[in-house]
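In the two complexes that follow, chain A is the common piece, with chain B as its partner first and chain C second.
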Partner chain A sequence: MIQRAHHAIHGWLLLLPAMALLALFTHWPALATFIDSFWSTPRPRRPAAFVGLDQYRAMLADPVFWQSVVNNLWFALGTIPVSIALALLMAVWVNDRIAGRALVRMAYFTPTMLPMIAVANIWLFFYTPQYGLLEQVLSHFGVATHNWLGTPATALACVIVVAIWKEAGFFMIFYLAALQQIAPVLAEAAALEGASRWTFFRRVQFPLLMPTTLFVLVNAVINAFRTVDQIIVMTHGGPDNATTLLLYYVYQVGFGFWDTSYAAALTMVLLALLAAVSLCQYVLIERRIHYR
Partner chain B sequence: MSVRGDGGPYAPLGASRALESAAAWLFALLWLLPLLYAVWTAFHAPEFSTRFVPLAPLSLENFVRAWNAAPFARYFVNTFLLVTLILGCQLVLCTLAAYAFARFRFAGAQIAFALVLMQLMIMPDVLIVENYRTMARLGLVDTIPAIALPYIASAFGIFLLRQAFKSVPRELDDAARVEGAGTIQVLWRLYVPLAKPVYLAYALVSVSYHWNNFLWPLIVTNSVEARPLTVGLQVFASSDQGIDWSVICAATLMTSAPLLLAFLLFQRRFVQSFMRAGIR
Partner chain C sequence: MDRRQFVTSSAALAAGALASSAIVRAATEISFYFPIAVGGPIPKIIDGYAADFEKENPGISVKPIYAGTYQETMVKALTAHKSGNPPVICVLLSTDMFSLIDEDAIIPFDEKGEPEKSWIGSFFPAFMENSRTGGNTWGIPFQRSTIVLYWDKQAFGEAGLDPEKPPAGWQEETAFAQKLTRRDASGNAVQWGMQIPSSGFPYWLFQALTTQNDVVLMNQAGDRTFFDKPAVIEALQRWLDLGRKLKVMAPGVIEWGTTPKDFFERKTAMMWTTTGNLTNVRNNAKFPFGVAMLPAGKRRGTPTGGGNFYIFKKVSRAQQEAALKFARWMTSPERAAQWGIDTGYVAVRPDAWSTTAMKKYVEGFPAAAVARDQLQYAVAELSTHENQRVTKALNDGLQAALTGSKSPEQAMKDAQSEAERLLKPYR
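Showing the complex of A and B:
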């Protein structure tokens, strides 16, 4: 009995500092965001008033909100499959005994280490009309000059390329770790059966990498929905909101227009999305354990 | 038996190995191209920024101009303080919490753990509007602690250390207690030393994350005294310089240099740390 009380007191005392900060900067703000989304934004002459679902109604009628959702979905669809596929390819290469693989691995991983805001500046230069490297290379092939970041049709694609470049090397690390944990016996057995390398990859390596793929996928989805740095640096959401992503819109509404209650409603959408992703991950992991 | 990762029946040989190596190298070069481009521009006079003359004279002029054009020394100090403050507090808080979760049985422990894990889903990055309001109430806007506070209680750190502490044999814990060691002593003398590789992995991940973090510091700071490098670089690149790309590239490389150098020196460590931190 005394032992148990002792455990409880010590346990909670150890937890206290971390729990207090979590409550103050994670749980409370999440709850406050929810509450604020039902109130109007306080203005100097007009205190906040309860407005029920008005913010959400305004949101549903807001074309920029819908565009940011659509942009974000395209952004996710553009970045996730490509960066995962590239990560897998890189990991397979670096796992094989190619010449100078330490250097190659470093080259793939380096973009991950750099601040997004720094590399976004480099890419901004890269895309500069007439002057940038992209234009210079293309002009050799006789392609007419084009404002890559200044045209709604190409701006989002440019931002997607940067995200893939930054992320693929990071995901590669997880695939590499997983590949190295596959027992060499499996390769020997498959070779005895006469399986081709492609068959071995498709039937043995790839299925064994499934947990890693799931982990990477969840991370990639979360990253896609909280992308904001390169938007601030490269496009400011433009041209014509063509690159406005959800978190950027939250930032713009909250700290550009200072409409904090509407920003709270927008944040709720983001939180709901992140919760859905986590729930999916949880369900998938449960299922995987059952099948084992 | 073959060593992991090399040999094996599916290792490419002869021509196919050469082909695979070539493809991997080509890709690596492509991957480094934007960076090499920035290095070229930063180390040459502006007239060579888009003309690739192999023997163009090297110059450090752009770095000098960038350094003099904005208070980068102050930004470096701020980032250094910020990263140290966050990591120091994280290590203490996460260690204590992880120890509680790993070795103490008490009512509410599971609920508390679920509340901690919520942070993996609801990241501080997303709660910018409310956190800004909290900082304003606390009178902390535009200070380095304001940038650090939302990140100090890290669910990721608690989770990682909890796993590490759980793998410590209980017998060692019991033996130490029989010797008369108290809770904190056992933690400090036994658990912390045994979890050293995990601490290192977490430290590298945390430092590189907060060195690179941008949105929250951008929002919560507005003076040179509090701004970290990333925000300083953005202010510099977007307003002070117009479009002098050579100077912007120099500033960009300068702000990433410490992290990049550390990475190049401890490459293996970094990669292993990220692997360790990722596998749950």
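Showing the complex of A and C:
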């Protein structure tokens, strides 16, 4: 009995440092943000007053908020499926014994290692009208010059491409690790049965990769709603809010306008959205995953 | 109050007085946040100034802290202020004055009695417009700029224009730009006539157009804007026409950051940008270039820009006095001249331009004096209460019009009604 109690105390003590850090830097700030969102922003001559749901009501009437939500959904829809598919494709390819495998793997992983600020600046040059890389290539095909980041219709798509380029290599590493966990006997058995490459991937590799896919998916969703640095460097949310994503708007309201309470309310929406999506993913998709 | 209480409290008072005089006698330390917005070895220059100042003022030690861009510096300074431990002195955008006052973060420079008045009066009046409100001076000009026109003399020659003659007025500017725009066989522009950038902070460049059209965007109290006046809409129409109707400028939103590069690559023959780019252009343009005042519409005009010194409130009196001394020292004629030469910023006071160092510099590089000469036409940069929000309303409207998603009238009406909503509580 005493031994069991000791075990329990031991266990809790081991958990304590991580728990304390989480509580201090994650749970308490989240709770404080939630509380702040029901108060007005304190100013030197006007202390904070309880305003109930006013911040949320203002949010519903705020066109920039709605635009940032819509932009963020498009951003998620544009980045997540493509970057996961690309990651899977690259991983399956560099998992095979091809010449210069290490080099190709490294090449795919390079974008992940570069700092986002540097990446965004490089792409800024790619998209520059007239003499940017993209324009130079397109001009050979006689395509008229286009102001990629300066036109609302194309700006968001340009930002999405950068995100995919940056993320696919990162996700590839997870797939690569998972692929190497798959026992070679399965491949041999499939080969004996005369299964095609595609059948082997569809019936064996892909199902066995599902836990990784879920993990990558959750991460991709979180990243999609967490993007802010490349927006700051590339577009500042412009032109006319065409590339304003939720987190960038939170930053702008909080540290540009110093309307901290409204920023708190926006943050709560972001948190709720992410929590809901993650929950859905775990509840709905996990059922269909085969864990070994 | 009984006797015992009296004795202890007077003892405490005496101890306090002793302690504070001890602080005065020991070195007063002042933290100094500064941002960087132009190229060059700025931290090294600033550290050098601080060391020189300490040599001349043994009782004061200055700790310069590089704090990022203007925006990041503002975030750091205000966060520090809210936590009760602000920097003593800080360089922040002149337009942040109202925000800093509303946060009760800074003290005015002219609360401290008469002698300072003459110092405060020694700056170019155009720079003081963004530094004063409600009868007080809250900021001291330090790294200030204006917009100027850079032109490619070689391109002018190729287009049959006089390479030494920049456009003086709007009509001339249009005519020159039309001649300078070159297209290939399929009608695509290979070189634009001119370029006014419109990403990030289009309101600043727009303010040059509105000033030239002889209209102001806000009042001095910073609680009213005039975005929907017909003359403002007219100015926006001109900006729009350059890209869409006259086709002498790329349509849509033009990136601020790559505009100098567009000029170096000869993709545009004229550009509007800050005087802060002067050194950059001088080092990178591989062709002869000129610098001119912005062309006149009904009048000449440009907003000022850049950063002021601010002294924070929640620091000791001794630190504020030391900071004041530092600000005075940093803006002395010789220092102002040197700072201008080192960076390309406009030296902030007329007597800085008559120092020998500056005279020599201008002699070798006359373009440096254009910004000074333009100052007589300069106006205050857009600055109001809730500054960032009001500015964003205008920026969004400008970009909506430039990208064609709203008509100029609609865009400016929307911006005005948003500004009106934000500013009402401050009247």
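To be clear about the criterion, the second predicted complex is superposed on the first by the 254 of 292 C-alpha atoms of A that agree within 3 Å, B and C clash if a C-alpha of one lies under 4 Å from a C-alpha of the other, contacts with A are read in each partner's own complex, and residues count from 1 in each chain.
As a convention for this text, a contact is a pair of C-beta atoms (placed from the backbone, for glycine too) under 8 Å apart; a residue touches a chain by one contact, two chains touch by 3 or more.
Worth saying up front: this structure is predicted, and the values here are computed from it rather than measured.
After overlaying the two complexes on the shared chain, residue contacts for A:Leu77 are found with neither chain B nor chain C.
Of the two partner chains placed by the overlay, only chain C lies in contact with A:Arg43; chain B stays clear of it. Considering which of chain B and chain C touches more of chain A, the answer is B. Contacts of A:Ala32 after superposition on the shared chain: chain B is touched, whereas chain C is not.
Of the two partner chains, chain B and chain C are each touched by A:Phe255.
In the superposition on chain A, no contact is made by A:Leu53 with either chain B or chain C.
Legend: residue contacts after superposition of the two complexes on their common chain; A:Ala85 is shown touching neither chain B nor chain C. Touch criterion met: A:Tyr131 reaches chain B and chain C at once. Comparing the two complexes, residues 125, 128, 131, 255 of chain A contact chain B in one case and chain C in the other.
Residues 43-45, 64, 124-125, 128-131, 142, 144-145, 147, 149-152, 235-236, 238-241, 252, 255-259 of chain A are the ones touching chain C in the complex.
Chain A contributes residues 4, 7-8, 10-12, 14-15, 17-22, 24-30, 32-33, 36, 90, 93-111, 113-119, 121-123, 125-126, 128, 131-133, 136, 165, 169-170, 173-174, 176-177, 179-180, 184, 187-188, 190-191, 197, 200, 215, 222, 226, 228-229, 232-233, 247, 250-251, 254-255, 260, 263-264, 267, 270-271, 274-275, 277-278 to its touches with chain B in the complex.
In the complex of the two chains, the chain C residues touching chain A come out as 71, 75, 78, 99, 102-104, 186, 188-190, 198-200, 250-255, 257-258, 261-262, 265, 267, 386, 388-389, 392, 395-396, 399-400, 402-403, 405. Touching chain A in their complex are the following residues of chain B: 1-2, 4-12, 17, 20-21, 23-25, 27-29, 31-32, 34-35, 37-38, 41, 50, 92-94, 96-97, 99-101, 104-109, 112, 115-116, 118-134, 149-150, 152-153, 155, 158, 183, 208, 211-212, 214-215, 218-219, 229-230, 233-234, 237-238, 243, 245, 248-249, 252-253, 255-256, 259-260, 263-264, 267, 270-271, 274-275, 278-280.
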